[in-house]
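Note that the chains are named A, B, C and D in the order they appear, and that numbering of residues resets to 1 at the start of each chain.
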Amino acid sequence: METVTITMKNAPALYLEADTISTDAFAGKNAAQIAELPVFEGNNPSTLGKYFEISGNAGATSADTKIVVKGDVKKVKYLGFKMTAGEMVIEGSTDQYVGAWMNGGKILVKGDVAAFAATAMKGGELTIEGNAGNYLGAAYRGDWRGMSGGKILVKGNAGSDTGMYMLGGEIVINGDSEVHVMTHAEGGKVVIKGNAKSKLGGQMVEGTIIVFGSIDVMMPGYKPNGEVELEVDGTKARFAHFIGDMGERHKKKKGVVVYGNLYKKI
Amino acid sequence: MTKTITDVICPFCGTLCDDVEVVVSDDGKKLLEVANACVIGTEKFLHSQSADRVTKPRLRQADGSWKDISYDEAADYTAKMLAGAKKPLMYGWSSTNCEAQSVGNEIAEIAKACCDNTAAVCHGTTLIAVQDIGLPTCTLGEVKNRADRVIFWGCNPAHAHPRHMSRYSIFPRGFFTGKGQMSRKLVVVDPRCTDTSKMADVHLQIEQGRDYELLNALRVALKGEWLPDSVAGIPAEKIREVADILKSGRFGIIFFGMGVTQSLSKNHNIDEAIALTKDLNEYTKYSIMPMRGHYNVTGSGEVFAWQFGFPYSVDLTRGFARYNPGDSSSIDLLTRGEVDAMFTIGSDPGAHFPISAVKGIAKVDSVCIDPHLTPTSGVSKLHVPVAFNGVECGGNCYRMDNVPIDCRKVVEPPEGMLTDEQFLVMVRDRLRKLKGAA
Amino acid sequence: MSEYIIKNGHVFDPVQGIKGDKLDIAIKDGKIVDKVGSGAKVIDAKDKTVMAGAVEIHAHVAGPKVNLGRIYRPEDKLFSCTPTKGMERMGSGASIPTTFKTGYEYAKMGFGVAMEAAMPPLFSRHVHEEIRDTPIIDEGAFPVFGNNWFVLEYLKNQEIENTAAYIAWMLNVTKGYAVKVVNPGGTEAWGWGLNCLTVNDPVPYFDITPAEIVKGLMEANEYLGLPHSMHIHPNNLGNPGCYETTLDTMRLAEGIKANNKFGREQVLHLTHSQFHSYKGTNWGDFESGAKEITDYVNKNKNITIDTGNVTLDETTTMTADGPFEHHLTGLNHLKWANCDVELETAAGVVPYIYSPNISVCAIQWAIGLEIPLMMKDPMRCYITTDHPNAGPFTRYPRVYKWLMSEKARKQQIDSFKHKDKVLSQTGIGALDREISLYELAQMTRAGPAKSLGLASMVGGLKPGMDADVAIYNINPDKPVANPDDIEKAFSRCAAFIKSGVQVVSNGEIVSNGHKRTLWVNVKAKENPQVARDIAEKFVKYYSMTQNNYEALGHHFVPNPYAIEVDATN
Amino acid sequence: MAKTISVNLISGRTIQQGVAIESGKEKPSYRTACGIIEMDKADLKALGAWKNTNVKVTSDYGSVVVKAVEATQGPHPGVAFIPMGPWANSIVNPNTYSTGMPTFKGTPVTVEVAIDEPVLLGIELVQKQCGVMVG
């Protein structure tokens, strides 16, 4: 695997849209060619090389390419956009759309990310060591096809609207979550190891939410359904089980109605 | 001699009353009397005539004072500002006509700007919900002719849309509603005992910020499922009672306003309200309608949509249209420090944005096109006063139910004053030259 | 205006019976002429196909429900928006393109005219604003009448004259083109959440049946002598077994003769017939009724139809058939929009994915092709996708490919997951007909133009007609090696001249043209009764005053072209 | 030491606000209509304030001086209302949760009596907070 290191040298005055910072766009290019990749500051077209110091050449394919992003990229959007393979390490915090529409490969962010990370993710792994913003692993506006595969781990807290319209895959939040988790979901799983706020699992058709901490207000559409013992991430514990959203439509599978599941650790 | 102009359209709120009568002087220059409009509409027509009105563009000087300049100079300044900016925000559009909006869109396209309307702080979250789940709705005449169940959720038409209830929703006698108010049951959901709720058959004084839960509970109640003892401060029995009232109507309408669009859960509140409406259509007929605020905010969304494909928060900076509120929306752009120039027309973000966003306007180059003195003009570098749309010039507008109504001109603007559209054309033509556009 | 001469092309013109002969086409002052001077600009069409500009008889391209589709489907535009390019404005939208993109896409395929198929009269200004912003192509819009309270009340008492007077008034104030009927009576029933599924279901309260509405509107249409006939989307669209309702609807035209000065012969145009040609009792035993429908139409000359071809895409359905869209959202659970319009109509919108892996969708695809392949007279059957309902209009070239190449059809059938079901439930496998270029010109030019009453103006290349001329990169002398070449050629014409102005060159827009709004201006006898009824309904039941109803002025119809009809005798 | 109470703040339209914005936002009538906080009787009592007393309202996002008036559309104990405008917007929660819409309704605030502090005019209030130099 070849490694390309890009280091922010001239920070943008506004925000930088750098959807070309991905293993797929870098693959098969040397440092000089990578420097010529287009980026945009507002309506002003520019090149990656004007903002970043680039060292190293990419591998022949995205799978053979690793990108290390250094320096202050808090105002850079779209890192790892539509990535399909390979690896990316972002050493600090970054802005919106990290790993949006990603399909494979691994992204590690050592700081925080802003909203819309892993929008409509199909596969791969995204790890955020800090906090995640709103709409983590959610669908694009208007689309009923949200995150359908892959894995997201947030070591800190997550914002609102995690996993909206989720269809598959898994999101684990080690910290706390803001309001609205898995709204309209029809599959997939979100684990919240800290505390959750209200509006959990609203309009969920199918899917699983597991909460280790507290839930400040339960949705009325979740009906108590006894207790179960679950093993989650190697932790065995007893959970109160709720099914819902009872206000929403549900599919029947083999004659049995399938509900969304909400588990809260006792 | 005076002249009476009938069928005048009131350019204040989304109710877009079109039965106003205005008496003008014989020379068509003075507006003397207004009939049929509400107090706000009357004030709007009469204020256009105030003596202390600003009639010339003004540029702020280094010492903070204003200097009068010509429209030509103002158009030059505006075009240069837009041409030089990397990410200009062109905001407002809701108090001007569709023709001006259309020219504005050409400007935005040439300038590669972000453009947004007042839905940003009004029913933008409604639009997000509609994109997620749809919108079963109807025109206001359907409500007048058929509705026997009327729900006002998080809105207060007695204050915000004063003639809505008499023209469309509660009092009128329509084709199938010959007994007027007697034909209808009125349910109001509001954390306050508003002047609207005082007229209601049922007022649910909901715990503020728990609309999503209460709407969900109503859906659960419709399906006859288990409910907790109380939701959002409302006992379960009351929720089941209201669900039965809703279900037993032949034609129901849910009107909703900023109580849900601006409270916690925002788009989700509306999403759930639309889902409730959809559910009710399994039993009977129901529609739902946003109580749009500005008289032509709906029109701005329509024009944006047919020209760019999105109803608001459109980002054209990359040369093609993109949309994602949270990224391309005005408040986020301003508070995140994403823009370097601000162009405001037909609205007052200075008064109606949170102060942190207004500070974002004050920091950058800015032009405010508005007949009034406003907090926005107060923080802008250039203020361009224009004719009052709907009073001093006509043009197409869209009512809250998306029905287009052509506004009428009732009096002449003060000598030498331009309309929005005329000024925008000047800016567009200059910008084209600066950008070398086709 | 400039002069053009298009040299050496293979001309296909059903109006003059020209079937691929090498001819020159001369253009002057916006019209086809016999000859031009030596200074005329020469366009070389050697080894190319030359046809008149195509005519779209039924598409949803402008107005409130189209825009609602745009507003509520940002995902229809994701990653596909196009930038400003020369004189082309930005564009966006796959199944519901923006107005600019709509005009450019039609022009690039060589279309000169498009009809917006359903204008809610209360929203006519909106329709016209969008038409104004759709460049190049001439457009008209059909106001809907089949659920209008005036019409229901007049026809309950068989008052044809009053109905006609009302139609004349409505065409005038809305700047409308023709009488459109959608789910007659059923959409009014939808005001109460109900529907009319047969032609004999009574309309709630109004005490009239769909059959009476349809027959009355046909008679009123011929009473006035309008350019187009009544244009109908019958009851019971899209349901297994609906072909019987369709036959019942068409039978209502028996004995009614066309009366007009425009050369139109039909009194009923059945639109998107694919959606109305279903046999079976449920989605399990669902099968094609294309044979029954085309047998009937083949025998009855006073009917024309269009196809409504399913293109196997993700698209957005939208129709004034409100109850149908409610039914559809119950099937696919995708977002549902609806708007009921006071006294007049309704509309619904639901996204839909015609997946080649779903047997019903593949059967719908086959039925859409069976119909034109079974129709004997191409002058009475027109290609549409009921844009965007069965697919976006931008897929026309693909539909042409399937119609013109049995090989292309076979390839598609072989790729279906439920191929056997498609072959057992439809007759598509036995059809070896391949539509010729001449027949295609009939189905897409001369035929629809004649049905619309525009035969003397567009759809042909006869001197005196409008100079709408499309040139395609197809050499009729050479056999088509790859069916995809047909699709490619019709997707982007080599050149398109619209009303004498070259608007497309090598598939690129070179001029925004001088687009016109086509409407029908009927001079009718004064009818004080109808005038009083109109005034009364505005006072009592409309939410708008009568004086604010008319679409007036330059900002709505900047370049009108009125077709005059004198119905005073 | 003045008493402080905590309430949930919402903002919104009133008909007086509507009239005032049309008669001119530079005028004192705008301040009269919108530079107020409508409080429930019980909350006024808890605060120990008379009607029509100037109060300072503070949230995590700022503070503003307005005149406390008795709720016209009450009772709504625990909820306070400032008509939409610059006064409310000096303290509302600007968090959009990435929807574009600030949280105009539902900001926790504290209210304390500020009898000697003036309620600024609308335009003046905004200019001052934005640091705009006025000539």
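Of note:
What we mean here is this: contacts are C-beta pairs under 8 Å (C-beta built on N, C-alpha and C of every residue); 3 or more make two chains touch, one makes a residue touch a chain.
Being a predicted model, the structure only gives us computed values, none of them experimental.
Comparing the chain pairs A-B and A-D, the larger number of C-beta pairs in contact belongs to A-B. Put simply, the chain closest to the centre of the protein, by Cα centroids, is B.
Averaged Cα coordinates give chain A a centre that lies 34 Å from the centre of chain B. Remark: chain C and chain D have CA centroids separated by 56 Å (rounded to whole angstrom).
Mean C-alpha position of chain A lies 39 Å from that of chain D. The distance from the centre of chain B to the centre of chain D, each centre being the mean of the chain's C-alpha atoms, comes to 22 Å. Each of the following residues of chain C touches two or more other chains: 72-74, 76, 335.
The set of chain D residues touching two or more other chains comprises 97-98. Residue positions of chain A touching 2 or more other chains: 115-116, 134-135, 140-142, 144, 179. Listed by label, the pairs of touching chains are A-B, A-C, A-D, B-C, B-D. By the touch criterion given at the top, residues 85-87, 111-113, 128, 131-132, 210, 212-213, 216-220, 222-223, 225-228, 231, 264-265, 268, 271-272, 275, 279, 316-319, 323-327, 336-340 of chain B touch chain A in their complex.
If you check the complex, the residues on chain B that touch chain C are 6-7, 9, 18-19, 98-99, 102, 109-110, 127, 130-142, 144-146, 167-168, 174-176, 250-251, 278, 281, 284-285, 287, 301-303, 305-311, 316, 318-324, 395-396, 398, 401-406, 437-438. Taken together, the chain D residues at the contact with chain A in this complex read 97-98. Residues of chain B that touch chain D in their complex: 12-13, 38-40, 43-44, 47, 50, 60-61, 63-66, 120-121, 124-125, 128, 156, 158-160, 162, 191-195, 197, 205, 208-209, 258-259, 261-264, 266-267, 293, 313, 325-327, 329-332, 335, 348, 350-359, 361-362, 372-375, 378-379. On the side of chain C, the complex with chain A involves touching residues 72-76, 78, 333-335.
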